[in-house]
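Pasting the structures here.
Paired with chain B in one complex and with chain C in the other, chain A is shared by the two complexes that follow.
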Partner chain A sequence: MKLFHYIIQGRVWRSIFRTGLPETNYRRSLVILNNFFLHIHPAKVKKSTLKFTTTFYLGGIAFGLYLILLVTGIYLMLYYRPSVPLAYRDMKDLEFVVSNGKLLRNLHRWSAHAMVFIVFLHMLRVFFTRAFHPPKEFNWVIGVFLIIFTLLLSYTGYLLPWDQLAYWGVSVGTNMIKATPIMGEKIRFLLLGGNFVSENALLRFYVLHCVVIPLFLTLLIGVHFWRIRKDGGLQGDLEHYAEYEPDIILGKNIRVEQRESPNQSLVGTGNDENK
Partner chain B sequence: MTTRNPLKNDAQQSRRKFFTALGTGALAAASTGAVVLSAEFLTPNALFEPPSRVLVGKPDQYPPGSVAYLTEHQVVVVREGAGYFYALSAVCTHLGCIINWKSQEGVFRCPCHGSIFDKVGEVLGGPAPRPLRHLALSLTPNGYLQVDKSIEVEPSEILKV
Partner chain C sequence: MTKINKNPLEIEFGEDIQTTPVRVAYVKGETSIAVERERDEEVLAFPHLIVREVLLFEILLIVLVIISLIFDAPLEDIANPLHSPNPAKAPWYFLGLQELLHYFPPVVAGVVLPVLVVIALVIIPYFRINLIRDPFWTGNIRKKFIIFSAVVLLINSPFIIARAFPIYICSAFIYILMVVPLLFPRSSGLAARIRKIPLADWIMIWFVLVSLVLTGIGVFFRGPEWRWVWPWKSGIYY
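And now, the complex of A and B:
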């Protein structure tokens, strides 16, 4: 205990974590505000929004799956080579030769399936709880892009095993792109890097799957989370919220932080014992 | 206390406007260049794809009334009667899968979404929007049949050998 206090009061520790132990409500909010990873969170959260039945934690689960996919995806990249003679064999090697390869590949695969499903449910939840109403209407738009990127990631990953299912799946899908008015043929040509699904297409889908789309997805996830805070947090029941924040509902004024008095029924401020 | 206007005279005003316009213009030109450059870079110049003109053997390899699917070229060669030949693309006109010849039923069936075509490529059922493509078929001077997959011809064009 003495050593623990010695460390957390030491100069090194304090240079990293300036706030100290979250012993008071003030310190607790500082912990959130001063941490790069936590600061996209609101410092105070209404108790009702933490109830399971408010959100079913769908956004959080989707983010968890995203993290699983990121880690397992990087693992898979160490054994998979995106070329016509090697891709299918590397996939088979991952299943039957590499230690725990089958587990990691299936984790990646099933998490991807689950992510599509959960993101879709998240969208339904947001719709049915009217959480897309002002001031959060733009976060809905970001969410639409997030679901599109999720689907694109699934689709580009689909080609990589380079089996019959993948080949014809992508042949059919890219033929559908041809139906785009005016530039359909051109888009398909650019996407495949040729007229057929071939070596170029495999490489392009690999780069899109492993670099381009994850980059945009990660960026938008950050904005999506940050905007929840900036738009007034997960407010749960809008009518209830309107009682004391009518302007928020109308989207006129979103400077919430300044108005919140510490005694509203917020988590962390119940049983106030501020020192 | 008076605040000093950094742009107090017209000469400075117009100089700032000039340089703003110059900078914006340069940025616009560079951005356009970058877009064009990227588009060009992403369009491959050399493609390693199978050739469009392929030799498909001699006419007497095909018995009269036969329908032969050539896996390697994704082409169907049909011989009607004694010496009438035509070639069909085996690529389904719906979404690009490869059709199969069902000899017992005498139709082509697509495994992907169930389109059905007859022997001359007309749509009998399923989602296919157009008949199968008829491909240019010719006889080379040394007696081989040659299909050009890049040239589509009218179904009425039939090679007599």
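And now, the complex of A and C:
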């Protein structure tokens, strides 16, 4: 314990984590504010938003799945080559040669399916709890694009095993694109690198799946989270919304009188030492 | 300092709490907005939120590892462009679209309807109908009922013409669910609760139901040549 304190209070540790032990409320808020990864959270949250039944943690679950997919996906990239006979052989290697390769692939596959499903449920939760109300309307739009990116990611990954299921599943889907008026054929050619699903398509889907779409998805997730905070937090109270467009938010039936400044709840005083 | 409010929608400001009430809300009639809610109690994000996030992630990981240990991801024979399986199905989340392809020309099923759905989702927060939480069945119910019935029929007529039975059966189901409670004008109970649902919610419920039914049919009830099969007789084709 003495050693523990020695390390935590030492210069090296304090140069990395400036906050020290989170013994006081002030320092507990600094844990969030001083940390690059955590500072996307507010220092204080409403107790009601922490309840399971408020959100069912669906957004959190979706982000958790994203993290699992990121890690397992990077692992899988070590064992996978996107070319025609090799891609399928690498699948077989994952199954029979690589240690825990099967678990790795299963984890990636089921997480991907779960993410599509959870993201859809998340959308429904946000809709039915009216969490898209102004000022959060644009975050809803970002969310819709996140769903589309999730679907595209899942779909581009679907081709990579290069088995019958993948090949024909993607053939059916990309045939639909052909129906787009005027530029359908061209879009399909661009996507597949040819007129039918071939090695070129595999390479293109691989690049889309591993680089392009994850990049956009990650950026959008960042914006999505950041905007929750900027737009007044999860399920922020109605009065806070009322600053923006009172008659839309509150309907015709209600009139609210504004009270003191809305940002009063920010943590910032250094003498908040009570438990 | 405080001015008399002529416009009921205008917000009244005041500096002095003793002359201007801290917060007053007037509520007329029924509304589902939680006006009575006091200012929520706040807790520190660390540890309350962070601990929950970490726990949630760990539980999620454990559940997925268990699922992955039990169920194997499918892997069939190597892709063969010369041999197409019958039926050739897309992944499950696109089977609703593939089912639409059975009723509509590819332009409609593959392009027009998906694009319409995306546009409809994007514009949701920008339309007043989605922001108002009043129950649908208020005001002149008789007039509303006639207009509503006509609109439902109009929207569903393309589906009826195209014989897209999953869609118009869902529409009919939701329509009955919306209208039947009007026959039971009691102020409490299930019928009263259904009557309180706003129109935006009804539209979303309809959309979810249609998506679920189409996807379900595509996953379980479609076999070779996209013919109808019973999954308990001939198994699930994928």
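Definition applied: the second predicted complex is superposed on the first by the 236 of 275 C-alpha atoms of A that agree within 3 Å, B and C clash if a C-alpha of one lies under 4 Å from a C-alpha of the other, contacts with A are read in each partner's own complex, and residues count from 1 in each chain.
To be clear about the criterion, a contact is a pair of C-beta atoms (placed from the backbone, for glycine too) under 8 Å apart; a residue touches a chain by one contact, two chains touch by 3 or more.
The structure presented is a predicted model; accordingly, all values stated were derived computationally and were not measured.
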First, second, both or neither for A:F196, with chain B first and chain C second: both
Contacts of A:I8 with chain B and chain C, given as first, second, both or neither: neither
Greater chain A contact set [chain C / chain B]: C
Chain B versus chain C as contact partner of A:M176, first or second or both or neither: both
Which superposed partner A:M77 touches (first chain B, second chain C, both, neither): neither
Partner chain in contact with A:P161 - chain B first, chain C second, else both or neither: second
Partner chain(s) touched by A:I32 [first = chain B, second = chain C, both, neither]: second
Shared chain A contacts, counted only where both chain B and chain C touch the same residue: 168, 171-172, 175-176, 196, 198
Interface residues, chain C side, partner chain A - complex: 5, 8-9, 11-14, 17, 20-29, 31, 33-35, 37, 39-50, 52-53, 56-57, 60-61, 64-65, 67-69, 71-81, 83-85, 88-94, 97-98, 101, 105-107, 109-111, 118, 121-122, 124-126, 128, 130-134, 201, 204, 208, 238
Contact footprint of chain A on chain B as seen in their complex: 39, 42-44, 47-49, 95-97, 112
Residues of chain A defined as touching chain C within the complex: 22, 25, 28-29, 31-32, 38, 41-50, 57, 60-61, 64-65, 67-68, 85, 88, 91-92, 95, 102-103, 105-111, 113-114, 116, 123-124, 127-128, 130, 132-134, 136-138, 140-141, 144, 148, 151, 154-155, 158, 161-173, 175-181, 184, 196-198, 237-239, 242, 246-260, 265, 267
Complex contact set, residues of chain A against chain B: 168, 171-172, 175-176, 189-190, 193-196, 198-200
